[in-house]
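Have a look at the structure below before the remarks.
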Amino acid sequence: MDKLRVAVIGAGYWGPNLVRNLRNSPDWDLVAVCDLDPARAAKVIGDRSTVAIETDVSRLLEREDLDAVAIATPPRTHAAIAIAALEAGKHVLVEKPLASNLEDARRMVEVAAAQNRALMLDHTFCYTPAVRHIRQMISDGVIGDVLFVDSVRINLGLVQPDVNVFWDLAPHDLSILDFILPSGLDVGPVTATGADPLDTGQICVGHATLPLPGGGIANISVNWLSPTKIRSFVVGGRNRTLVWDDLNPMQRVALYDRGVEVTKRPDDLAERKQVNVSYRMGDIHVPALREAEALGLMVAEFAAAIREERAPLTDGHSGMRVLSVLHAIDESLATGQPVAPHKEVTV
Amino acid sequence: MDKLRVAVIGAGYWGPNLVRNLRNSPDWDLVAVCDLDPARAAKVIGDRSTVAIETDVSRLLEREDLDAVAIATPPRTHAAIAIAALEAGKHVLVEKPLASNLEDARRMVEVAAAQNRALMLDHTFCYTPAVRHIRQMISDGVIGDVLFVDSVRINLGLVQPDVNVFWDLAPHDLSILDFILPSGLDVGPVTATGADPLDTGQICVGHATLPLPGGGIANISVNWLSPTKIRSFVVGGRNRTLVWDDLNPMQRVALYDRGVEVTKRPDDLAERKQVNVSYRMGDIHVPALREAEALGLMVAEFAAAIREERAPLTDGHSGMRVLSVLHAIDESLATGQPVAPHKEVTV
Amino acid sequence: MDKLRVAVIGAGYWGPNLVRNLRNSPDWDLVAVCDLDPARAAKVIGDRSTVAIETDVSRLLEREDLDAVAIATPPRTHAAIAIAALEAGKHVLVEKPLASNLEDARRMVEVAAAQNRALMLDHTFCYTPAVRHIRQMISDGVIGDVLFVDSVRINLGLVQPDVNVFWDLAPHDLSILDFILPSGLDVGPVTATGADPLDTGQICVGHATLPLPGGGIANISVNWLSPTKIRSFVVGGRNRTLVWDDLNPMQRVALYDRGVEVTKRPDDLAERKQVNVSYRMGDIHVPALREAEALGLMVAEFAAAIREERAPLTDGHSGMRVLSVLHAIDESLATGQPVAPHKEVTV
Amino acid sequence: MDKLRVAVIGAGYWGPNLVRNLRNSPDWDLVAVCDLDPARAAKVIGDRSTVAIETDVSRLLEREDLDAVAIATPPRTHAAIAIAALEAGKHVLVEKPLASNLEDARRMVEVAAAQNRALMLDHTFCYTPAVRHIRQMISDGVIGDVLFVDSVRINLGLVQPDVNVFWDLAPHDLSILDFILPSGLDVGPVTATGADPLDTGQICVGHATLPLPGGGIANISVNWLSPTKIRSFVVGGRNRTLVWDDLNPMQRVALYDRGVEVTKRPDDLAERKQVNVSYRMGDIHVPALREAEALGLMVAEFAAAIREERAPLTDGHSGMRVLSVLHAIDESLATGQPVAPHKEVTV
């Protein structure tokens, strides 16, 4: 099977990771790297290489030896580059978030559909073996109805002038929720709080609560100011609870066969008796997951979606659902009120 | 120095812990245990003992060989028992929460003042060496201005018919905040969210955000449905960040000399440049704290306050501040709005 | 069922733990505490108690209201006290090690047999739910043939003038091995090394290797000088490996369904090819064990053995097997040679 | 400064890691990769590259555009390749162990000296920030005299037909000891035990004790059969104890200001009193170490040693000291006796 030919646009923070994974992939032939600064592109490519360096996106898109582009430029530039690439007939992989506003995002999705080209979001975490496993455990009913989700993603972070901490970190949590929940990221009115205690001009610490269908809630905590790094994600279910600790390679995922069982209903409460709950103290099960770099699996999915002429697992629609919740978070931060996310308009 | 004479009222869930610590204390002579069920009292006392068993609080309070009582009965009974004991001239230690409503609490504080007797709250965690250390690190300026507090207190819990998960668990977090923050529990409008996904009739999972003076925020997560037990408490400061993990006896408290430093201000943002932040990646310092049961230190403080004729460290006023925030949480849960806690009326 | 009547002899380091557990037990009535120092005995008993204080063992043993004694005096005194007690018709529980030499130990076992009284060793760890589970997993074949055991038991310890670190700590490891291995503590020649780098007069750091039947080995590391506390015990088997970390209450025992599988034998090696091993990377299973204080389960077994007129699970013979290996360790330390433990002479 | 030109010989297990680090290094220009199997070399190099592929070492060594070679072939081939390269005027980096016997090793060292070329061992761990820090803490006297070292290096490992587990894993521990101890790897008679419980033809589980100058001991535990991965290294000193846990990136190194202090000497023991020891329960200090890949720092040292015309930090002599102890371990395994390592003959 011939390799697909790809160029990476943007050799800054994330681009080198894409370059490395595309180069190591059996699916991809990295043809060119494009950056305004040719020295930065050259550095990413390294010595003794014949990968091309481009400094102009238009010129890059004129190349005939390209099937696809991977865009790792700042979010506000995504829409223009992606649409140009799609109109040039290239498949497009774009870094999260899809765009800096919903209107741009919707146009990108529309052009991809019109051009019949793949538009894929690099929601990297959805390609980790851990998240694939969580999705499976939910869809198989092992976890049961989701009662609560607690996601904590904190570390010292790069305070950025044009986005707050939610826009930087929460796309990971939101895209994971979209991926694992049976109904996707279909949440009720979002309550978000945050603070900028160092007076940087951006919210640096934030918490958001998302009501889930069925009565549960998801909570997302993001923080740029924490000297400790935590990436924990807990899915509490009616049958079992799953804990994913991404910084514990010996035991990333653990499934607890424990929980609370309610055997009487609140109408018994009239009698002022204890609600009849019992605890199930069952075993813990730690599945053997393969250790694989998520980005490698992500670029494989990009190739597979193109070859099979189907939508990628994390397509433009998932990117739009994530954007909708980010906008609701911003509005809740501004007003102090719960805010319902815009439902995605089908395109 | 003669021992002070004490009785424990309530031999249910928490009473046996008070009995054990009062018996082991050089300050206290446990004279009696009082419970409606004499067999339960006898079981707590054990064989070959001359500690008295009482089944009636009025009769107990008539005893002349009693300096103080410790009340471990359900919250709604606290006010009546405590006021009777204070009026009988006994000093009073009461389990948290102080009372089931602010009006009762205020009367308890007033009677204690009128009778010139100690009214102490068993805010147990404030007596742990860890919390004492945190308070010191804040008052010494080692941590610096508090930017954020994250408190997580989750475990399988006993769903109760008359209180939600905030009333059960958050008094711990709130009393700690009251104890360590320079201005005590003086917080802005509280935003609380919660869920009862098992339909028990009570909120079982909850999150509350409390704005702190100076622009920071404290977040409290409580959960009765989690099969994993977490008790972590993080205080992020301008100078250093302190992490308290109460389930890690080898390293309960760690002080991180790391953080974000802002060297430019948001007015630079007009130029669309990165905010100029830098990271300080300093060392971690783990202080040697003595291992001591907090309840033992708490009963020692009760004796010391009586002997020195001063207010205990965790007195009725601290109990009222905690109650005010609990009420604000309940109102925020009911309305979806941020709710400012009632400021305590000086009595 | 009437309680059995017991006295504790020795109110020093370990005695108070026995007192507490016997008092809390439904099986036992603590009648007296005996110590040369009556103030020390009184302190252990506490106020408002009618438990008797004795200062003379002979007088204690004349009491008619005693079924058994628990001996927590220094090891060199065990034999005389235990034999006197057995001859007075009392059942005997003795702290580890059974005695300070094998000859004394053998006499104790003989007298217990002649008097038809229980002689039980307080091999506390054998009564933990963890060790009971390990024994079960081995006898059920879940672990398979034992390939290796690694036991590490280190912490700051009290350097003692009359015993080295092996005699202080290794009885725990050896009694556990005796309890869990299908053939008991039936080991080959022991190789022990040690050091006294602070020149205290006693070996403070030690390592011992014990060949197991079937070709495996057990290694025991003990250390009085380590500021970190480790109590880990790993049983590597042909089918699965079990890790017991006694300081991790959330996950004391984990069973790894992983290992090495050999599919070719060394005669293939003539061809200088890789031995054909494959890895099995299966799941990890963490069983739900009840949390119970081992000492409480130990005193329950003492009562049960007396009532059922049978040998206790950790009887005098197990104590003698442990002593035999301790002597072999001492001889290996002195000579630098592997030393076979004396096989226990049947009595 | 011009880059130095290098070729990697051996594209099997470790070669790709050398290729990656040499390519990413500002010091090195990777000219060629040499392997008997050109497809394997091509795979390591990747697409769109002009790095040369060689299949014959002699032909490779004839190239004039080469300053150095890095040898990652099986140990028994090291001597012949290294000597040919040195005689061709190339500097040589060789994987551990230096050679498969001391005689070969000595010849390699002699030829390097005669040719005035660098001969460096890839003792990778010596280039980790953690080991550099440990060396500093010992040489600065922060740790004090070394009382004990415990090194545990266990995991599922590739059972190999021509080396036992000590030859596979212990070179890491031994090279670290050689690097950090003030007198290098100058140890007394070595006691080693081991087992091959799966009958693979090679010792798969082993323990070795090495007496240190001054009365302390080092213990090394290696194991190919363990499903858990442990890499812990503890240096217990008279003043402080350092714990290095390489699998804990948040806290790789911790320095414990705790220990045992002896204030009386054993001659007091005649009186049968407790040795007068006290514990110091000081703080724990976790230094901020930079996170850097050790292999990258190692190839930088190789370049620096060549440019500065000095011996590399881990030179052929260190490789010979490690080999001497490995041979002593093998002899102790065979005889059951403690065996003194051959002291290195100066060349």
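All chains are identified by letter, namely A, B, C and D, in their written order; residue positions are counted from 1 within each chain.
Just so we're on the same page, a residue touches a chain if its C-beta (ideal position, glycine included) is under 8 Å from a C-beta of that chain, and two chains touch if they have at least 3 such contacts.
Computed from a prediction, not measured in an experiment: that's the story for all the values here.
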item	value
Both-way neighbours, i.e. chains that touch subunit D and touch subunit A	B, C
Set of chains whose contacts include both subunit D and subunit C	A, B
Identity of the chain that, by mean CA position, is farthest from subunit A	C
Approximate Å spacing (C-alpha centroids) for the pair subunit B, subunit C	41
Distance between the centres, which are taken as Cα means, of subunit C and subunit A, whole angstrom	52
Subunit D: positions in contact with at least two other chains	228, 258
Complex contacts: residues of subunit A adjacent to subunit D	23-24, 29-30, 46-51, 228-229, 247, 249-250
Sites on subunit D touched by subunit C in the complex	145, 147-148, 150, 156, 158-162, 189, 191, 193-202, 204-205, 207, 209, 211, 214-217, 219, 221, 223-228, 234, 236, 238, 241, 243, 256, 258-260, 262, 265-266, 269, 272-275, 277, 279, 336-338
Parts of subunit C lying in touch with subunit A, wherever the complex brings them together	251, 254, 257-258, 281-288
